[in-house]
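One structure below.
Chains: A, B and C, in written order; residue numbering restarts at 1 for each.
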Amino acid sequence: MVSADTLEPSVQPGPPSAEKPLLSVEGLTRVYGKRIGCADVSFELFPGEVLAVVGESGSGKTTLLNCISSRLAPTCGTVHYRMRDGASADIYKMSEAERRYLMRTDWGFVHQNPIDGLRMTVSAGANVGERLMAVGNRHYGNIRRAAIDWLARVEIGEDRVDDQPRTFSGGMRQRLQIARNLVTEPRLVFMDEPTGGLDVSVQARLLDLLRGLVSDLGLAVVVVTHDLAVARLLSDRMIVMKDGRVIEAGLTDRVLDDPRAPYTQLLVSSILQV
Amino acid sequence: MTSPATDAPEPTLARYNFAYLDEQTKRMIRRAILKGIAIPGYQVPFASREMPMPYGWGTGGVQVTAAIIGPDDVLKVIDQGADDTTNAVSIRAFFARTAGVATTTATPEATIIQTRHRIPETKLREGQVLVYQVPIPEPLRFLEPRETETRKMHALEEYGLMHVKLYEDIARNGRIATTYAYPVKVEGRYVMDPSPTPKFDNPKMHRSEALQLFGAGREKRIYAIPPHTDVVSLDFEDHPFEIQSFDQPCALCGGEGVYLDEVVLDDRGGRMFVCSDTHHCESRRAEGHRGALLGDEASADAASATVKEEM
Amino acid sequence: MPTVLVASEVKKSFTMHMRGGVELPVVANVSFSLDAGSCAVLGGPSGVGKSSILKMLYGNYGCDGGQILVKHHGRHVDIASADPRKVLEIRRDTIGYVSQFLRAVPRVSALDVACEPLMIRGASQAEAREKAGALFADLNLPERLWSLPPATFSGGEQQRVNIARGFITDHPILLLDEPTASLDAANREVVIGLIARKKAEGAALLGIFHDLDVRNAVADRVIDVSAFAAGKAAA
């Protein structure tokens, strides 16, 4: 029988590499009165990594997303973000101005309902260009060119650049919302059920697009979804939530193919097979 | 703008305090004005009062004027540049009756000029106050209806949205088509709505020697531009701010480089372009300037005169 | 040849919470090693846990005990206890896997499916496509299919896309889960050739082959999984 002795002795149990996390969440808790939104959630997200947060409605995944994206102050716990200069900053100790600047430059947020993330009464081009203008770009021609480029990347034709998103289909609106978020080349994007409410075929196209953009741009993503297929297709790692707590976490395909927690097994076994 | 008297001189209406508002209210408004002057372009909330005229008729401007006017002031009121329109005439009469002050149509003679939608062509000088009537003080409202959010945007200097509006203009029209209420940045800090004046007047606000005060009655906001303040119109590098230009001079006084109104003469397409600033036009005619549509005989009526209006 | 992977006393069972927490033992005391430049085959009747062993080696299944030491970037890492990011890194650079079924992604062409493992490692698209094309040609996949998404392909066609995807990289360790199951005789021969080439290049292969001809053609050694049956572990 062979044993580890046949190998050189430098056994390494596989600690993370020297790379530092982009986002570190520690002991994050949010309560609503006596009700728990999410409790004692901790995880790290590394550059270029996609983390899926899955669970049923009311499991606390949206509360968690809002807390880590600075949209909802947690009751306790911390969220640290590694800024472009390499320094780690507690997002709830920043000034509101810094936080909002971060949100429209280095971060993106893709809402489930595109209406929440778009300006419905201004053109697609202006929707995409807004972040550029917000960071001081004052050249119309350049802004427009960037907008057209980004529309092309999300498969929206140049001829729609001056149309308002209310004339767009649901799938197009969602793609526009994605372009609007990515134009400043953020490093971290939060997504709340990005394919929810879309037809299956539209969903597939969007997922494929997201997959490509995430790998091309090296985006780190936290995606909240109740759809395990979405989690499998997009994410490297996932955490499973129930009643506000993380009940299982790990490699996406391992959690889905070899689920340990009773609830995860129930979730996985509830997937409809086509 | 001398200190107001609490006892109004004759022959004001006995029933009203000097300039209609009570002294407490004036003090409150003056505090808002002072704060506005201290933070150029910042919209200061104030407890706007009911005035004896409907909202939209200049209640904000009237309250500002009432708070700063003194017995020795000389008041001019214009509406779209004209001294003789209903709104201008009524407001002038209002202060003549409630404050007993002198009124004028001559820009250089006025100490306070209340205006709706124009800045006089005559360059304003130190010591004069221009009071604007403002319908909607919030320049961001068009794109962001939530007041909580727009106030935050002002506080954090997040003005990307203003350029979104200008972008939309160019995308739709090939150029910035906003011609009035054209947004400006005041002293490099606050973005401000100059009220619905034509953008032609924007350069006049820049480093003006006069104090500029803005009152929005319905919206309960006062803001100010102190003398010699930078006022820059927003634009794009490749679509710089430009004022309107007219390809013909005023039909009455031959004036050029002034803002003209189009006047329809008949039902067969006949029209003329004349100075929107009536005082400016009349003074030029009094000096002998003649436009294309005016005969040669000198009009005898005086262009303007300072009069104490009859009761 | 050097040893590149050592499994020792690896244990796996499933706890079925949906069925009252009944525990299904799968394998126990799994111990073997893989050497560079050779091909080992997992043998034993179906249901004995061959696939589970492959999946544990790939990090797809967790282990309940034991160690799986793999030589990764010149050091030895225990897959059984490695964190998820380490497992992904090992999959990117050290352990390749040809699964039985292709998990098709909508709208991605067969060529790009096969290219992906190389692209992740930073290869240019042109280089990756050239290699994938060459493998497709070897595997007799009709060229008109290359630019189509494989979701609508036949089982054999999908299998060949999957094989190309697995063989395109130069992972030092390659796991093969019935790669020839839906192939005709001619293409089975191609796969046998590909495996021989990998061995010659110094890769360590571990596979499951039900087809005896293929097994005999590629196997340097058969690891009898029945010996690791969970029941026997206690004995």
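In the analysis below, contacts are C-beta pairs under 8 Å (C-beta built on N, C-alpha and C of every residue); 3 or more make two chains touch, one makes a residue touch a chain.
Here is each chain with its UniProt name: A = Phosphonate C-P lyase system protein PhnK; B = Alpha-D-ribose 1-methylphosphonate 5-phosphate C-P lyase.
Computed from a predicted model, the values in this text were never measured in an experiment.
Here the chain-to-chain distance from chain A to chain C, counted in touching steps, is 1.
With centres taken as mean CA coordinates, the chain nearest to the overall protein centre is A.
Chain A and chain C, compared by their mean Cα positions, are separated by 31 Å. Note on chain placement: the centre of chain A and the centre of chain B lie 50 Å apart, centres being C-alpha means. Separation between the centroids of chain B and chain C, computed from CA atoms only, is 79 Å. Residues 1-4, 6-8, 10-17, 46, 49, 204-205, 207-208, 211, 215, 233, 236-237, 250-251, 253-254, 257-258, 260-262, 265-266, 269 of chain A are the ones that touch chain C when the two sit in their complex. Every residue of chain A that touches chain B in the complex is listed here, in rising order: 96-97, 100, 104, 119, 121-123, 125-126, 129-131, 133-135, 138-141, 143-144, 161-162. The residues of chain C lying in touch with chain A in their complex are 3, 6, 8, 14-18, 21, 31-33, 55, 59-62, 67, 69, 71, 75-79, 81-89, 105-108, 120. The part of chain B that touches chain A in the complex is made up of residues 143, 152, 156-161, 163-164, 167-168, 170-172, 235-239.
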